[in-house]
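In this document, chain identifiers A, B, C, D and E correspond to the written order of the chains, with residue numbering beginning at 1 in each.
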Amino acid sequence: MIPSPIQLPELNFGGILPALVLCLAGLVIMIAGLFMKRYAVAMSTAVSAAAVLIALAVNHPIRHMSEAAFSGLIALDSYTWFFNLLILLATGLTVIISGRYLVDDDLNLPEYFVLLLFASAGMMFMVAGSHLLMIFVGLETLSISIYVLSGILPHSHKSKEAALKYLILGGFSSAVFLYGAALLYGSTGSGNLTLITKALQTGAPGLTAKIGMALLLVGFAFKTATVPFHMWTPDVYEGAPTPLTGFMSVGVKAAAFAAFARVFFEALPSMQITWTQILWIIAVVTMILGNFAALIQENIKRMLAYSSIAHAGYILVAMVAGGEAGAAGMLYYLLAYTFTNIGAFAIVAIVGRKGEANLMLDDYRGLGRSNPLLALAMSLFLFSLAGIPPTAGFVGKFTIFTAAINSGYYWLVIIGVLTSAVSVFYYFRVIMKMYMEAPLKQAESIQFGAGMLFALTISAAVILYIGIFPTRYLGFAVESVKPLF
Amino acid sequence: MTKFVWLIPILPLIGFLINGLFGKRFSEKAIGWIAAGAVGAAFVLAVSIFFEIISMPAASRSVQTIVYTWILSGDLNISFGFLVDPLSMIMLLVVSGVGCIIHIYSIGYMHGEYGFRRYFAYLNLFVFNMLILVSANNFLLMFVGWEGVGLCSYLLIGYYYEKKSAADAGKKAFVVNRVGDFGFLLGMFLIYVTFGSLNYLDVFPAAQEKLPYAGELVTGITLLLFLGATGKSAQIPLFTWLPDAMEGPTPVSALIHAATMVTAGVYMVARCSVLFALAPASMTVVAVIGGATAFFAATIGITQFDIKRVLAYSTISQLGYMFMACGVGAFASGIFHLMTHAFFKALLFMAAGSVMHAMSGELDMRKMGGLKDKLPYTHWTYLIGTLAIAGIFPFAGFFSKDEILFYSFERHVGFWIIGATAALMTSFYMFRSVYMTFYGRSRVDHETAHHLHESPFIMTIPLMILAFLSTVGGFVGIPVFEGLNRFDAFLAPVFAPAKQIIAHGAHHGHHNVTLELVLMAVSLGIAIVGLLLARHLYIVNTSVPDRIVEEYRDVHGLVYNKYWIDELYDFLFVNSIVNFSRFLWKRFDESVIDGAVNGIADLTRKWGNRISKLETGLVKDYALSILIGMVVIIGFLVLK
Amino acid sequence: MVTLHHYLILSAALFCLGIFGVMFRKNLIIILMSLELMLNAVNLTFIAFSRYLGSIEGQIFVLFIMVVAAAEVAVGLAIAVAVFRDRGSINVNDINLMKW
Amino acid sequence: MEAVMFYTLAAVSLISAILVVSLRRPIHNVLFMIITMIGLAGLFILLHAEFIAMVQLVVYAGAIMVLFLFVIMLLNLDQLPLDLDQRSSKAWMGIGLAVYLLIFLIPVAMQFTSIATKPPAVPAQSNTELLAEALFTTYLLPFEVASVLLLAAMIGAVILAGKKTPGNVPEIVDKRRTY
Amino acid sequence: MDRFPYLTLLTFIPLAGAILLMLMNRENKIAMRWVALLFMLVDFALSIVLYFNFDVGSAAMQFVEKRVWVANWGISYFMGIDGISLFLVLLTTLLGPIVIVASWNDIQDRVKEFLICLLFLQVGMIGVFVSLDLFLFYVFWEIMLIPMYLLIGIWGNPARRLYAAIKFVLYTIVGSLLMLVAILALYIMAGKSTGVYTFDLLQLYQFHVPSYAQFWMFLAFFLAFAIKVPMFPFHTWLPDAHTEAPTVGSVVLAAVLLKMGTYGFIRYAIPLFPNAALELTWYICLLAVIGVIYGAWVAMVQLDVKRLVAFSSVSHLGFVVLGMFALTVQGVEGSIIQMINHGLSTGALFLIVGMIYERRHTRLIAEFGGISKVMPLFAVFFMIFTLSSIGLPGLNGFIGEFLVLVGTFKVFPWFAVFAASGVIFAAVYMLWMYQRVMFGELTNPKNYNLKDLSAREVAVLVPLLIFVVWIGVYPNTFLAPMEPSVKNFIQLVETKRSAISNAETTKAAEVGNSGSLTAYLSEIR
């Protein structure tokens, strides 16, 4: 018999243009990289940066779209737009920082950028995905690239080790994730979020669906590095090249949270009570554990790793709070956190210098004298992380706690503020090192390129600006979470 | 004229400011005369106002002048104002007059001292505060003066601040006074809460209807106020500071610790006569305390050898007299004695100062004797002073003291006995000091002996003036014969209400002339006995005192060491509080509270350490933790 | 009569065996294999469901899982090689430079 | 008939899976892994997923496992000492948990005894066609993205395995000071 | 809002200065000092202008500026002052130039950062006093923390500065974070019940929090403020912070930062949660009284002048809190006056200690003795400020203490009695310290040739001296403007309290025991 001709569904490439641009740029770099030896990194930096700019441009129209493209596999809406924006900003900054970083360490690795771009493309598919399959594929694209990237430093044992650990655990968790997807698929008959919602609307959700949900939750919790699925974080963050660590701590987290929120708010509202209970506990444990463990860290990358775990905890508070307020809080927090943390890691990269030689807190002694500018910027980022006004970090925490109290989670908030009081200790400890302690070795002023300076300035400026005039960006956040409800 | 009363205190203040701010480049003379002039001017003004007052009808001899509203908060309205009435008038005269004289004396006495300017600045400041104290029209302003004089006495006692004893004495004076002020303050609060005002003219007239006779409230108020008085006037239990206060320059002792400041308490009690009259219990307390102080101070006075300390204790005991007078309701007599005492005690102190001056700072009477020829003026003036204080007719002390004794007899014979005994001792130890200092054979060592010299006129003339006053001062208030007692009559309008309340409260016998005459004779006799006794022991056979001391070693020791009151207080209050505070600081503040705080911090860090030790670096453990989390969640869902 | 739950139980068992492997072995290669085993278990679940739901979606899932599995294995083995070069061992318990 | 097939295949794959995780020599593990795969492929066929079964054989049993073998040979890991983690209490704990997980998952499976015991009729179209159609219409996008994924993996493999790291191992410093 | 934006300028002029300084060359110390001084002076001048345009008669907020800030949450940029905050603002601006001059020679290291910190601190402090929006308030409240932390940590004395700095920060931040929770809770609660979500203080005044909720919220606020004040059990950060901080650090800390807490009580804690406040009044007053005596006693046995003054602060602020919670006109006015007094005299004392520290580099009392021989002028100033701090009548301290005590006596006689005993101990420890430092023989050879005060130092002290005397002699200048606001404040508290407790007739039982206040207040009016 003659097979009936396949007719393609109408494909809205406009919606995935940002991702496409990045992939394309990736290919260009890959090919060009083969022929270029000397300026490969510079070239790749330039191309990637350009790609990011273009992607930002083509991302804009998505804000006002509201459709399920590619036969309902991805959703093009303001939510997608917001996270694309976030991811692109993170990628852009990371690209700039990485360029300098690779040059300093004279690593001639155009592939680094290729993978970086692929990773962020993957993220975009992940956040846009409105089908478990799509989310999974995006997730894996992202993960595979990151596994490789974290192991990319040729001369570093730690880098390899990081890659190894990340890969094993990542594989483990994605297996779990898939099992959850399977169960959910089994109990609802589809992997499409909207269909899942429909299927679950009728009657109480069955055990299978719940278990499926739980396993998905584990999968996401792993990617967002929340306790007890966080164990990989400090090691991988420490081992991976610093700019990438920054990228992981914001980009991957953001993407994971985006998908997390989309799946749970959009597809599983019928089980909200259940997963709220679980997340409540996870949030508490995460906030406490992250902050406490960060207290005693001597390696700044590890410290920031634990702090990022803690921050994941705060974002979970937002998810627990739920509702538009909570989701919006999460988005705003992620926005603030992106700039803050990338900035912080940029400085870690600068101070780390060749071969990441200076990662200990004691290497920051006397920075206030030798490099006042760096110290100032670092303090700003740390204040933002600690949530001290008038920085974006403060507004972020403020939104989240407001949302939580609005939903009546007083204890969660109290634990939150107390743990962030703890966090003040270790953030201020760095400031103490920078300004109040004499340097151990001869402190020379560190040279860092215009690119770094640019990245730092941008981050700092944004932190202050959206910290003092948050209205507009809160507006964005609120507007962007509309599609979820 | 009365509306310029505010100038009286202000003039010394101006003097203080001039000397204090610009005095650096002035000569000693200039400084001295500016200071003295300021006070003198005040005195002149006071006198002129006095004449204006007495020209008024007796009823309306109370003029209030309000300069400005000082504190205005809610219903609390306290003005910076003055009240001129017979009582404050007398105080003004005494303070400014005696003050002026002592200023002049000081010019000579302090000649060449380090910090001459500082001295006069303080002295002016003191006079300012004292005048404020006596002329204020409300309790709070009086309190200002009250604390002010306390401050000045602190500063002047500690004038030789490099001497530790002096500095200590100053602090002691201030702190003990503060204890008294604490009572005064609380008394004020009670008054304010009851009357809604602190102004005399609002409080006293309203007292009778606002406060029930012998009620708890009024008793409380008066006792608290009296606590303040005991502090300022060195009565039991707060008298310990006055003897130490002798560390200050002698004129200071004369002015502050004899003539004026220490009498502030008496003034205050007299001022509140109405309130006290309403609280018989308090009256009794005042009388008893006064009598007791008079007695005990006298006993101590007997044993002392430091001439100034003898005078100090006599001051305390005289103050006791005054309080006893107030306590038995003879406020006028109290004030009368206050005035006369101001004269002769200032005189005595300054004479003693002159002796000191001559003896190049020597104070121990055992190292004196036979000075009468070397220091004629000093000798005579001192002798007059002694006669006055001993109460020999016709010197000032005689009248005032006998009036007090008479009234106390009327109140209760016990008071009279105490008073009389005290009088005996007073005349004894005063003459003892006279004999030991001026008579008998000289016990002066040589080098002091050969530049032994009479003081300059600038010092002796003030002595003479005061001697004159203590001679004739008594005649303004001749008791016994009604009408002759001008002083009483002048003060009558002030104390009338109190008198009437007392009369109305306890029955009060009519004025018994014969009794009074008898008592006079008796006390005169007592005084003479004291004189003779002293003469016998310190001129005729001088060995006796030592033998007595031998006999009653322990008794003498007890008395000589002022009954170990100081040591007792140190043990009871000072040390215990200091030790307890140290305990609080080290054990509580640093161990308990800070311990808790740091403990929490350490605990947090410890847990941080523990938690991060979970991060073993073994990938399998990480997988395990994921598994645990997973199983727990699923178990939770399945088993729920 | 074989029904869905037989397959599910089987896949669950396989999945747990995979976990067993991850927990019980120290050899990186074998741990990777165990991961593969877990993925296969998932595949079985998907296929079974797609059969009993009569929807093709499950099989699509499986296809992609296989792709991903392949990719992961490739990268994983590459890492294994690299690590072996570094340390001369692929015993995951030897690989704990970073801890605490 | 079907039951027989099922139980045999299930037994085969299960037993060989057990051997995979418990045997000591990597070579054996790989071989038994392959057998597991084959068993699963059989089950897939039982479930009318012929195409998947084929892919399972070709990709998994073929390519991937060969890759494993290749690496094992390359690093000649075959003479490794026994790498069972018996001595670690944590390992046993993990196993216990795995068992618990199984115990928890069984009731989940049991949910489906009641519903859908009877599978729907096998559709007329061949499994492969359906799959192909779905893959090229509905699931086009992930299909494309998968290519990116594979590309990334490829590059990664090249970078990681390809680049030689110098022999001199920088000594490992662990600066640690309690504040 | 078309009026001249006094408060905005007042608040942000120092910020402008800081920014200008950032652009300056760090080598050029003198110039930077002059710039900082200039900006501080301008700020002070502006505040004087403000004072003269202040309408004494009215209880309303004045110089109000209100603009929408974060519309989404009803956060507004809302500033205004009344009689209560007026003088605190003036005090702050007065101290601005003084600290700059005081630190002229003291600080030589990293002058640029130092001045910037001071200016930032100024911004934060003024901001706290003038903001009428809870969010804005909180922002300023937290901002202050950082410059102070740096001041202590960088320029403090090497021994324990790090410890002191972090202790200061953590102590404060724990309190203020819990306060944040309470603020949010209040915001949500008010929003839910009224439908208007706002942080506008004046609107929240109108909202009646149910008393069960009040209790917890008040506790949170109380903790934050009590730590800042600091009240008795929460005071241990103070001695460390004071002792380790550089001179001007302690000056600002004592003079202004501590007032944040007490001001917070008046402006926020009490009026927002009157019922809870009045239920707890007794306990709080107890703590205050304990603080008064405890501070005095512990101060008495200190060996380090600065520590002594620090503990004396604990004692003085006990008075402030006591008067405030007495909720009588005299009490509240007294406590406000006392805040200013404490700012002036304790600030001055820290300056004085600093001056002698500059000369001798020690603060141990034992090291000194007989100083007044070599430094007579210094002795005079020291004496005057000592006296003002022990509340000698005629100087500022007395007015404050007297009013507080009178005000308290009406409500809690016994507390007043015990607090009054603190007056005695104040005399003891201050005079004892003065005596040990200034009097006695000049034994320690290091002290033989100390320089007396320089013109600069006199210039630093004289302004404070003027106010010390002024308040003492003519307090009405300060009492009159605050009277309406204070009355208004008490009115508000009382009416609101009764309104709520009436509304909650069921809860009448619990609220009853604090109902007796009505009697006291009626007695006052």
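As a convention for this text, a contact is a pair of C-beta atoms (placed from the backbone, for glycine too) under 8 Å apart; a residue touches a chain by one contact, two chains touch by 3 or more.
None of the values given here were measured: they were computed from a predicted structure.
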- Message: Starting at chain D, how many touching-chain steps does it take at least to reach chain E?
- Response: 2
- Quickly list, by label, the chains bordering both chain A and chain E. B
- Among all other chains, pick the one whose mean CA position is farthest from the mean CA position of chain D. B
- By number of C-beta contact pairs, the top two chains: C-D
- Please find which chain has its CA centre nearest to the centre of all protein CA atoms in view. E
- Most widely separated chain from chain C, with each centre as the mean of CA atoms: B
- chain A to chain B: how many Å between their CA centres? 80
- Message: Using mean CA coordinates as chain centres, what's the gap between chain C and chain D in Å?
- Response: 4
- Task: Can you check how far apart chain A and chain D are, centre to centre, with Cα atoms defining each centre and the answer in Å?
- Result: 29
- Task: List the centre-to-centre spacing of chain A and chain C in whole Å, with centres computed as mean CA coordinates.
- Result: 26
- Going by residue number, chain B touches two or more other chains at 601, 605, 609, 612, 615, 617, 619-621, 623-624, 627-628, 630, 634, 638
- Task: Would you please write down the residue numbers of chain A that are in contact with two or more other chains?
- Result: 133, 137, 140, 144, 147-148, 151, 157, 163-165, 168, 172, 183, 186, 207, 211, 234-235, 295-296, 425, 429
- Item | Residue numbers of chain D (touch at least two other chains) | 85, 91, 94, 97-98, 101, 104-105, 107-108, 111-112, 139, 142, 146, 149, 152-153, 156, 158-160, 165, 169, 172, 176, 178-179
- Message: According to the definition already given, which pairs of chains are in contact?
- Response: A-B, A-C, A-D, A-E, B-C, B-D, B-E, C-D
- Message: Using the touch definition from the top, list the residues of chain A that touch chain E in their complex.
- Response: 368-369, 383, 388-390, 394, 398, 401-402, 405-406, 410, 413-414, 417-418, 420-421, 424-425, 428-429, 431-432, 435-437, 470-471, 474-475, 478
- Counting only contacts in the complex, chain C reaches chain A at residues 8, 15, 18, 22, 28, 31-32, 35, 38-39, 41-42, 45-46, 48-49, 53, 55, 57-58, 60-61, 64-65, 68, 71-72, 75-76, 79-80, 82-83, 86-87, 92, 95-100
- Task: Would you tell me which residues of chain D are touching chain B in their complex?
- Result: 85, 88, 90-91, 93-94, 97-98, 100-101, 104-105, 107-108, 178-179
- Query: Across the complex, what residues on chain B touch chain C?
  - Reply: 612-613, 615-620, 623-624, 627
- Query: Tell me, which parts of chain D touch chain A in their complex?
  - Reply: 104-105, 107-108, 111-112, 129, 132-133, 136-142, 145-146, 148-149, 151-153, 155-156, 158-160, 163, 165-166, 169-170, 172, 175-179
